[in-house]
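Take this structure first; my questions come after.
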């Protein structure tokens, strides 16, 4: 099929050379990240509009979020981002076992994030600090505090779904790493997973202060 | 695998990653710490500035934007620019509805229906609407 | 001499599995073509039924609720299932790699996945039709859509799913255009259709996520009353309109930009002349894509948004008109001193020029603040967007379909019947929709099941037109299907085009080109190439 | 002032209409010229440059003068058009100080107009000629839109929010009033009239509108209200099924409700159906009727009950 003398196994037929394939993947991934930013963007618009309309509600309601848990989760997610970056670096150097270790740590940290989020959510559900018609909490002064919790649950919920999707992808590249699919010459899937994971981290970096700190 | 096929990459030293990671953790501490002081309207500005700086670190080092082709940076900036357009243009409307008539700025009845259910439901027409709203959400295809 | 190879992409592999699991962009393009044609048929049937009901005031043969569901479904199907994927996903998929000399798109598996997502979205939409069709209008305005007893949730879910199909096509095309151009094809040596697809893809990836989040918020508003869009829960219905139009205005350019790209190809090819103002046309595509994001508020001049916002949006709106105008002038200038042949695709290009100019100019009326206050939500708007969407995009799509038909199937269609069909469509279209400009400016509101007697003659006129229009499409379906079996063998390059897809065989082989094609001239160098040949 | 209308525009009947039409026709003629240029040249080239033999074509693809011209001239035109539209829009949005203030309420599927004198009307807005009328509008359910083609005004009517518009009618007459934001089943029936009268007639009308049916039988008064309060939009009196059940042969008959109960249609049932329409919905119909609480006075309800009572033996068509 190919006239190239050397045609590595990972190179798909419609690409001429590995650089072209890797650059295409990266470009596609970045464009996909752009769509993710705009997907979340809609919720940032909702946040901005309603915070500007009801600053008092956002202030009165945000004190009901646990800054400590939020901060711990930020640390967890940032650390996982670091280990993800290190996983890629290890593979760039061809160190397969180091990559596996880093990916496993990333996965565990992601799990930790979700566990903490679970405790936060269940506490709120218990108190009735919920969106829309499920809102039954009575301890917040001002008009329509349910909107704050609606925005909170939507943004952190969508983020949580992205964490889950990220974990699924990490498991997939972990399996392929163990299988020996990757080398210093080809590690595009890990790199793409990394980009996605860093974006999930990036979004949390904004969510944390917006909800837990300034409200 | 022949050397010519290996991916072009710039391998950062481990120290850079660790330094950036540490900086991110320190900045997390800083943002929590400054939040305990009240700067009034500047609370948001301070918090967002720190967050933006942290985000820039992640993008530049973890996501390799600093070393990669600038097209990826362009894509990221495009996303941010269009998000800014979305926010700013929408708020042109939401923040200036009272320019000519103040009465247009706010809802007639500020409280949502869930806070009003104790009130006599037949007294005002608005409440009937709200009741309808809650009714129809019970089932998607009711009324057929 | 036959240019059809014995083995080509259509017969290389056989059986339905080889189609459903194909990674070949040409086959995926064909799969899309079948799907959108089915959607077009369904949407078209709704259109004919709507026009039939409006023949006379009062009830003809359907209830008000049925009518409301029909116009909603007509809009939703035509927009989300037909027009948006029509040119990019069907024709674009087929010709984009061929035009830039590539073997495939950058991500063939993602490409197939897009089609499957489209099918899932279409099935959810179909489900919503049978489970009690939605009646909100394709715009889903709150709080009507949060109160309506119809299947709003499945339909908005379908829109959400279809959005991802569109996003993935956009991602794929951007990567393809950036990375897979054949050696020597620089940005400004790309065919203009590729530029059109590129600008379209940019809008697809920037705008479509927002309709995703909007439909998600609407679903949550309906199920949980989160209070973002529903005034009864402290929400703001006008905010919904901002969200909706942030996507849906740029989406209009998702529909028209690739159409403009096709017209550039057709006019240059059939005038056998170098395209006038290549860079102006290319840049104006990007310009339109950019400005299209700044003007959504012109759908909301009387919606209760702030007057300041309305003024800003109106001002910016006019600047979409300039690049569109530049394109039209460039096309006309291309024909000057050309050597024009009037084959079917050129008839479509000329129809486009006529109809799109009307559609574009009537847009100026609607962008003007005080005039829009009068015309907003009347039949004037209905006529305007049909002139742009159908007179523009659909004409360009049909032009492109006839232009690339020989390449797709290796067969020629009957030129005489094709011309009869284009004439019927052109005449029927104008009768159907020009009358709507008049009744609209006379005050006839849109989405009316019943109407006052004074509008009856124009409504009747419009309905008669729709019959001619429908007849045109039936004729087309017959001769196109006939051509698949009995059509003459198509040569490699029936139109003497200079773009790269005409270098390979008709139909092309699985890998498109025997060997990586070399760029010997720019896409519209008719002056040089014709001189060499003579 | 154009009082007969043109092929495109209905007659001008308000102070703003002339300005809107001037902008409309400016764009109209500019468009016709541009259209003629584009299509005219295209047609000319098709005729003149049809391929005869395989002619060579020129490779000229630029003409700076031409390109600047076709960029600059439309730009100038659109700036002019923007300014025209802007001026009219500002006028439409700034209400004169001495305007007569009327509260407009839109609901499925009729309009209610509340006058400062305490009078209210349904689906008929009566205003004096040559006097600015300010409309403060809101909706009780979904979004509606207030549109009078002859006045060239339109404004959406939002639930739980106020929106404003105004007009000054210049000619007495009766004008169509449409709802132009899709609002459901009865959207196309949500049509009212604007009756413009001179000052003397307006005063007389106000007095008459305050009339509570004195000197009329309850039944006749009810028949009058049946039309003027827009019951007619959804309820027939000849047995036809509309958005709501017919009034014919209801009174004194038993009615099956959506929840399965059977009730006797007596005075209490009818009164309750008017004031709390969602409480007892007839089987086969959707609960879409708004309450008339606050719109109808006691005596008016009595009159409607008497009217419905009079239809108890009416045969269908």
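Every chain is named by a letter (A, B, C and D) in the order it is written, and numbering of its residues begins at 1.
Just so we're on the same page, a contact is a pair of C-beta atoms (placed from the backbone, for glycine too) under 8 Å apart; a residue touches a chain by one contact, two chains touch by 3 or more.
Please read all numbers here as calculations on a predicted model, not as lab measurements.
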Per-chain CA centroid nearest to the all-protein CA mean: C
Centre-of-Cα separation between subunit C and subunit A, whole angstrom: 35
Centre-to-centre distance between subunit D and subunit A (centres being mean Cα positions), rounded to whole Å: 50
Whole-Å gap separating subunit B and subunit D, where each centre is the average of the chain's CA atoms: 39
Geometric centre distance via CA averages, subunit C-subunit B, whole Å: 32
Per-residue overlap in subunit C, given as positions that touch at least 2 other chains: 143, 147-149, 178, 206, 210, 225, 227, 231-234, 236, 238-239, 242, 304, 307
Multi-partner residues of subunit B (each touching 2 or more other chains): 71, 78-79, 82, 86, 90, 94-95, 100, 104, 107, 110-112, 114, 126, 129, 132, 134, 137, 143
Touching two or more other chains - residue numbers and ranges from subunit D: 93, 141, 159-161, 163, 286
Pairs of chains satisfying the touch condition: A-B, A-C, B-C, B-D, C-D
Subunit B residues touching subunit A - in the complex, by the definition given at the top: 1-2, 5-9, 11-12, 14, 17-18, 20-21, 24-25, 28, 31-32, 35, 43-44, 47-48, 50-51, 54-55, 58-59, 61-63, 68-69, 71-72, 75-76, 78-80, 82-83, 86-87, 90-91, 94-95, 110-112, 114-115, 134, 137
Residues of subunit B touching subunit D in the complex: 100-101, 103-104, 107-109, 122-123, 125-126, 128-129, 131-132, 135, 143
Contact set on subunit C toward subunit D in their complex: 64-65, 68, 135-137, 141, 143-144, 147-149, 231-232, 236-238, 271-278, 280, 301-304, 307, 310-311, 314-315, 318-319, 321-322, 325-326, 328-329, 331-333, 335-342, 350, 353-354, 357-358, 361-362, 364-365, 367-374, 376-378, 437-438, 441-443, 445-452, 524-528, 530-531, 534
Subunit B-touching residues of subunit A, taken from the complex the two chains share: 6, 8, 17-19, 22-23, 26-27, 30-31, 33-34, 37-38, 41-42, 44-45, 48-49, 52-53, 67, 71, 74-75, 78-79, 81-82, 84-86, 89, 92-93, 132-133, 135, 143-144, 146, 183-188, 194-195, 198, 201-202, 205-206, 208-210, 213-214
Complex contact set, residues of subunit C against subunit B: 131-132, 143, 146-153, 178, 206, 210, 222-223, 225, 227, 230-234, 236, 238-239, 242, 246, 293-294, 296-297, 300, 304-309, 312-313
